[in-house]
Amino acid sequence: MGRTGVAFKLGVVALAVASASAFAQDEAGAPGVPGVTAGEVADLGLLANNLWILIAAAMVFVMHLGFSCLETGLTRAKNTVNILFKNMMIIAIGLLTYALIGFNLMYPDGNWIIEGWLPAFVPGIGMSDDYDSVGYADGSYTYYADFIFQAMFAATAATIVSGAVAERIKLGSFLIFSAIYVAIVYPIYGSWKWGGGWLDDAGFHDFAGSTIVHSVGGWGALAGVIVLGPRLGKYLKREDGKTVISPIMGHSMPLAAIGVFLLWFGWFGFNGGSVLSADPESVSFVFVTTALAAAAGIVTAMITSQIAQRKPDLTMVLNGCLAGLVGITAGADVISPTGSIIVGGVAGVIVVFSVIGLDRLKLDDPVGAISVHLVCGIWGTLAVAFFAEGKSLVAQLQGIAAAAVLCFPVALLLFAALRFTLGLRVSRAEELAGLDQAEHAMESYAGFQIFSNQ
Amino acid sequence: MRLVIAYIRPEKLTDVKNALAKAEVLKISVTNALGCGDEPATHEQYRGAGIEVDLQKRVRLEIAVNEQYVDKTVKAIIEGGAAKAGEPGADQSSGGDGKIFVLALEDCYRIRTGERGDDAIG
Amino acid sequence: MGRTGVAFKLGVVALAVASASAFAQDEAGAPGVPGVTAGEVADLGLLANNLWILIAAAMVFVMHLGFSCLETGLTRAKNTVNILFKNMMIIAIGLLTYALIGFNLMYPDGNWIIEGWLPAFVPGIGMSDDYDSVGYADGSYTYYADFIFQAMFAATAATIVSGAVAERIKLGSFLIFSAIYVAIVYPIYGSWKWGGGWLDDAGFHDFAGSTIVHSVGGWGALAGVIVLGPRLGKYLKREDGKTVISPIMGHSMPLAAIGVFLLWFGWFGFNGGSVLSADPESVSFVFVTTALAAAAGIVTAMITSQIAQRKPDLTMVLNGCLAGLVGITAGADVISPTGSIIVGGVAGVIVVFSVIGLDRLKLDDPVGAISVHLVCGIWGTLAVAFFAEGKSLVAQLQGIAAAAVLCFPVALLLFAALRFTLGLRVSRAEELAGLDQAEHAMESYAGFQIFSNQ
Amino acid sequence: MGRTGVAFKLGVVALAVASASAFAQDEAGAPGVPGVTAGEVADLGLLANNLWILIAAAMVFVMHLGFSCLETGLTRAKNTVNILFKNMMIIAIGLLTYALIGFNLMYPDGNWIIEGWLPAFVPGIGMSDDYDSVGYADGSYTYYADFIFQAMFAATAATIVSGAVAERIKLGSFLIFSAIYVAIVYPIYGSWKWGGGWLDDAGFHDFAGSTIVHSVGGWGALAGVIVLGPRLGKYLKREDGKTVISPIMGHSMPLAAIGVFLLWFGWFGFNGGSVLSADPESVSFVFVTTALAAAAGIVTAMITSQIAQRKPDLTMVLNGCLAGLVGITAGADVISPTGSIIVGGVAGVIVVFSVIGLDRLKLDDPVGAISVHLVCGIWGTLAVAFFAEGKSLVAQLQGIAAAAVLCFPVALLLFAALRFTLGLRVSRAEELAGLDQAEHAMESYAGFQIFSNQ
Amino acid sequence: MRLVIAYIRPEKLTDVKNALAKAEVLKISVTNALGCGDEPATHEQYRGAGIEVDLQKRVRLEIAVNEQYVDKTVKAIIEGGAAKAGEPGADQSSGGDGKIFVLALEDCYRIRTGERGDDAIG
Amino acid sequence: MRLVIAYIRPEKLTDVKNALAKAEVLKISVTNALGCGDEPATHEQYRGAGIEVDLQKRVRLEIAVNEQYVDKTVKAIIEGGAAKAGEPGADQSSGGDGKIFVLALEDCYRIRTGERGDDAIG
């Protein structure tokens, strides 16, 4: 970070910058700066494009904070430490396993076991020939920028599951599930489309991952909710035999709202960065469709909630915002602004009914992850066929079905296997005491008087 | 000596305290409480499911007084604690303003000095 | 987001990037990439400039989270859901109405009903000829980047009002007010200057909107506070007939402080993005003046608070930071670093006295919005004439007066109209119970024991 | 921010952008846009590089919010206002003193009193010849971008101290210490390396400041903790004469976790921006090493905590994340991804034992600042010699020793001087009542029932 | 008239309330409390240092009843408040389910109406 | 049987608990309370307006004991609860250390076992 003291090096930087050559490499003892051929326009494009991908990666990173806040806010105070812990671990495990195996699995670069279906397992990043080359991806961005951006995506899938299984899952079992899901399931599905596999050949369009990221996470969430069962006290049998839904209120609406704002912010990087360049027209366009879909989701969720619940529910509006965002993710690059308002608006309606409907089915999803990510992920994927020109409904359905057929059974299997080995759910006493006490022997809000009979 | 316990609406605390102060009852202890009485339950909702909250926020007062102050204290609490026109609770005959309970107090000590009995109370 | 699977497309991207041509358009079935004329320097400038405007838009978006946190933190726990709800809705309504009508109204592009005074009403974005053209704005940035940046600004004006009227306004009435204010009042005033109207001709200088954004919001806040009256229990009549100010404390200082930090962060985008290019010298300069003014506002607010209140008040320092930021916003591009320290420092003093003074006048503004945005907005606008060369005090006064004359009466009228139709203020019982209960039937901190007789 | 109304100006901007010339300067009455020599590749590099430095500066700014949240979360509710106040003041004081004296001191540009050891005191920014020149630093970035980025770093050192001395230090004394430490001690040490002084000549490698920023802060923290003594009730003498450690729990785990997430986010700017250009290869590389080290720190801290404490402690994992980040900061540009996983992983182990060990030594550091910033800062500085080619262990040890010898005694002296003049520690009664009450007469969570006998 | 005070486990509040409702005792007041009794202390840890938390979360009920309701009330609380199989506390013979205290109540007032004595209690 | 109620300073809770433990009184219940007594009001401020907070944070103890323990209990609380030199409250003669109230306890039940009377108390 030195200035004058490293005068000579700065000179090199100035040149290096102009030719987009390697500063770190230079420091690391690389052969030095190659002959500067000024005026290489592509290099300067690389400079801006690569920068945008990195910034977008940092924005996607913020989504993990958003998920943590949202999930914490919508659950009870007695499980707060545990939820924060899980979310902190997921991003760490996500990054490490993706570096170890996931990235190469997802982008096999022609290296398949079964062409288009099963990529080769190649461990470690930075092992491929072009890992140190700025010429990677035809000079659009560097290898490491691509890795970090994709790695931030990867952890998202597991985070989605986290919210749905919160307040009752064993920490260890959840971490094992997450590691396998991020390291293997997500990348294999991803390789079918983004890795150039059969779904890509089929013409499936999923710009930033309504299906590839969100539905994949959503299927895992659904499997987890089914295997785990509802939280104690959520569905109460009355004396007359009927079951009543007893709401388990989240303990901090500010945390939940902060989470959604941060997720929206991160989504500009999630969708905007998925252009994989700083191309002015596309990125600007994606920003607008993303923002309008979220806004529309908020408004329609409010109206739906007002009608269905008589008074508008903040958590429904928060879910509506995310529903709009998940909805537009598949087609943010190809759906017009007007179309994006419709797509987001429909998602905002769907999500409210989905949350209420899943509750009727006794599928206890504390944060609405299934409704937001799975249901609206499917809607968004379909919407591409309806609102963009030249996209095939069949291909979209293929993509959706492929996710269902791959991810849901595998997730079910994983959860079931954990249930019969390590155990999946904490004991009744632990659940009543709260996972903070049971799993961490800690308090989340030391000193605060918290009163709850749930 | 008597121990007066009262449950009142939180928003009436200032009024009650003022009424007590006029009655020269200055030492009181206050706790946060939830009460279930005649008052109508509040309807709450969360993510599509409704719930009737029958435990309402109340404030609990505990006041130790000498005999001659008991009536004054009770009167002051009733005066300050009853809902006035325009306030919540005033329009409904169904209540929620609270109760006053009077118990016999056998003994009283002042921690600072170790004083005991009537002298310790004030 | 695919890599190898979209190899051919990536090749296109690489080229497209170099020429800044249309990736999304290409995907959307546009005629394809026009002949690449490499070496077009302007295109590469566009790449970086446009990127900065988009990132700045995302940063301004974060300001909405900042406002939400600040407003929530400085009010009572029993109104938290309502405040978060309002703020979530405002950004949604702001984006949608600005897309529908506001943007075209604010930037009429010569399309006036009364030249320089009343822009034409043209509904919808993306309808103008150059909406899909990267040549928009002489190639400085794209149409959609401009829209999203301006749209994020627009919602700010309504958010400012939100804080001042908090804890007693009816949700529905507030949303209607906001929609009209953002869709019509703000853009019309904005068109006078940024849309090239009469104020622009008069030589009025308001770089990023001390007046255009902040005072406009502030006038709305003042009108709202006057029409609504103070919160119950804020000004108590004593037996001797005198009125005493009974402070109504905010329920979460961490939320308030987080809000201010996020606002400051967003302000780098607000002011820095208002350069409307990534021009190194200007943007760097604006970053420095912005940061120094905020820092100076903090220090002087602390000193003023220490003197006036005997012990330094955190909320005053938070307001002081914002005061410095609002103060420098009009002249961040033309006031020297030393000047910016003075401008921010004076704002920090003003805001403390203004908060105390308005309270004496029984104008109950829970978050200090009027003091920060209106009073310091006026100060900042005047400061341009004092601290920058060649700026006319008369023009600055014209700008300030125009905002007063347009916005204040219109806001008063709107609030009064709502008061006599839908009603503006919740009932006494609802206010005592809190708007969370009254408007949403929800709790913001379920389980927490909260004790308050206010 | 005008569009059409400033048509002519926009034309200028378009040109200005292409040549990266001065927009603000133009507005400020500068001689105008110099002849546009299109095709100047270096100018376009400047555009992107400078933009990245500014964005990185804004990200480093977010770290101050991160520190505030972390420190608040790990301390008691009764000191919250005070901690937020301190952190708000530090950034303000940091920016202003760095502008006044620190920046010129740290980057003397050859202007030394004792060559390589004692830089000349030159007050004020913008006084040097090239302050208005985009040609500054050989055209890599502008003067003001450099200043704002470095200024954001500067305040960090004082913030580190803040956490360690929290809950018992007098506000005024702390602010005086901070001002002196940021304005003089930090820049002098910094000048030895980044200012081109003797440490730079010695071959010391500290990329983004494991020592220069973090250890320097850490030494101050250690000195403060020693002079102040532990918080009341932290170390209790039992009847048998033995001392037991009585944990003083932080009052909000969500705040602490939010703080760490934000710090991690900011670290991408801290390390990534320290490349001082947007060079695709280096910045991407730094992003990857930074992220992997943090992830590894999380995982090893979890395992260590699980083994040492039987149940995994969230606050240890949070510290582990920061430990990994501090650890990689010195060598983020030269240590391979695999190396960065090891460096971060070792840091995650170290930090857990360090936190426990310091507690045994009765050094009461509420947030673990000494363990994270000093201990892991030293580890990270050493790690450069172990994991990067061609770095000298001797030089690294020289750098570490220099920080110890300069910063620790000076900080001790400063604290001792304050102790015997203004007083350093609040009274016993004030500490029991909490600094919110004692120093600010405020409440941080008005209405919340908080129960604590500590 | 009697004042019944009971300390129960927080998670048993709903059960106790239901049992009381069946016994036609509908008016109760509830406070948050911490209790130290026979129950084993919980072990907590923070940054490497352990602590035995012997104050457990408990709920305090206060119920004013007429003579004829005392037994019913006590029985209902015992019925609802004792830990059942599978619940925390059930497996340990060491307790933690709580206590019931019965005090003589001298007087009672309804704040809303000023009513006094037996009539005011319900 | 007696019910001993005490209001003490929050920071003295550990001392009082230790003193009680020495007196072999191990079962206690604790609540958060606010008290208004002789102690000087604390001055708070917020955005330029001051307020005298006369409700100070106090801790309420409730301890049911058999006759023979009453004096021990009271003594222990006084011993543990009085402000010592150097602590807040020690320098002012104006108080704030709190009160102890002793009430007659008619009956006592252990919820777990249904035990009654003297046996149930400990």
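First chain written, first letter: the chains are A, B, C, D, E and F, and each begins at residue 1.
The definition used in the following text is that a residue touches a chain if its C-beta (ideal position, glycine included) is under 8 Å from a C-beta of that chain, and two chains touch if they have at least 3 such contacts.
All values derive from a computational prediction rather than experimental measurement.
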Quick one: how many steps at least from chain A to chain C, stepping chain to touching chain?
1
Under the touch definition above, the chains in contact with both chain B and chain E are A, F
In whole angstrom, how far does the Cα centroid of chain E sit from the Cα centroid of chain F?
20
Between chain C and chain F, what's the gap in Å when you average each chain's C-alpha atoms?
52
Compute the distance, rounded to whole Å, between the mean C-alpha positions of chain A and chain E.
46
Using the average of all C-alpha atoms in each chain as its centre, how far is it in Å between chain C and chain D?
30
Two or more partner chains touched - positions in chain C:
39, 44, 46, 48, 51, 55, 249-250, 252, 310-311, 313, 441-443, 448-449, 451-452
Among the residues of chain E, which are close enough to touch at least two other chains?
31-32, 34, 44-46, 103-104
Can you list every touching chain pair?
A-B, A-C, A-D, A-E, B-C, B-E, B-F, C-D, C-F, D-E, D-F, E-F
Per the touch rule, the chain C residues reaching chain F in their complex are 245-250, 308-311, 313, 315-316, 352, 355-356, 359, 368, 449, 451
Contact set on chain B toward chain F in their complex
3, 17, 26-32, 62, 64, 103-112, 114, 120-121
Across the complex, what residues on chain A touch chain D?
1-7, 10-11, 13-14, 16-18, 20-25, 27-29, 38-40, 44, 46-48, 50-51, 54-55, 57-58, 61-62, 64-65, 68-69, 72, 80-81, 84-85, 87-89, 91-93, 95-96, 99, 124-126, 132, 134, 141-145, 147-148, 151, 171, 252, 255, 439-449
Show me the residue ranges of chain B that touch chain C in the complex, using the header's touch definition.
10-14, 32, 42-46, 59, 86-88
Please give the residue numbers of chain D that touch chain A in the complex, ascending.
39, 41-42, 44-45, 48-49, 51-52, 55, 59, 76-77, 107-110, 137-140, 146, 150, 153, 193-197, 200, 207-209, 212, 249-254, 257-258, 260-262, 264-265, 268-269, 272, 274-288, 291-292, 294-296, 298-299, 302, 310-314, 317-318, 321, 333-334, 336-338, 341, 388-390, 445, 448-452
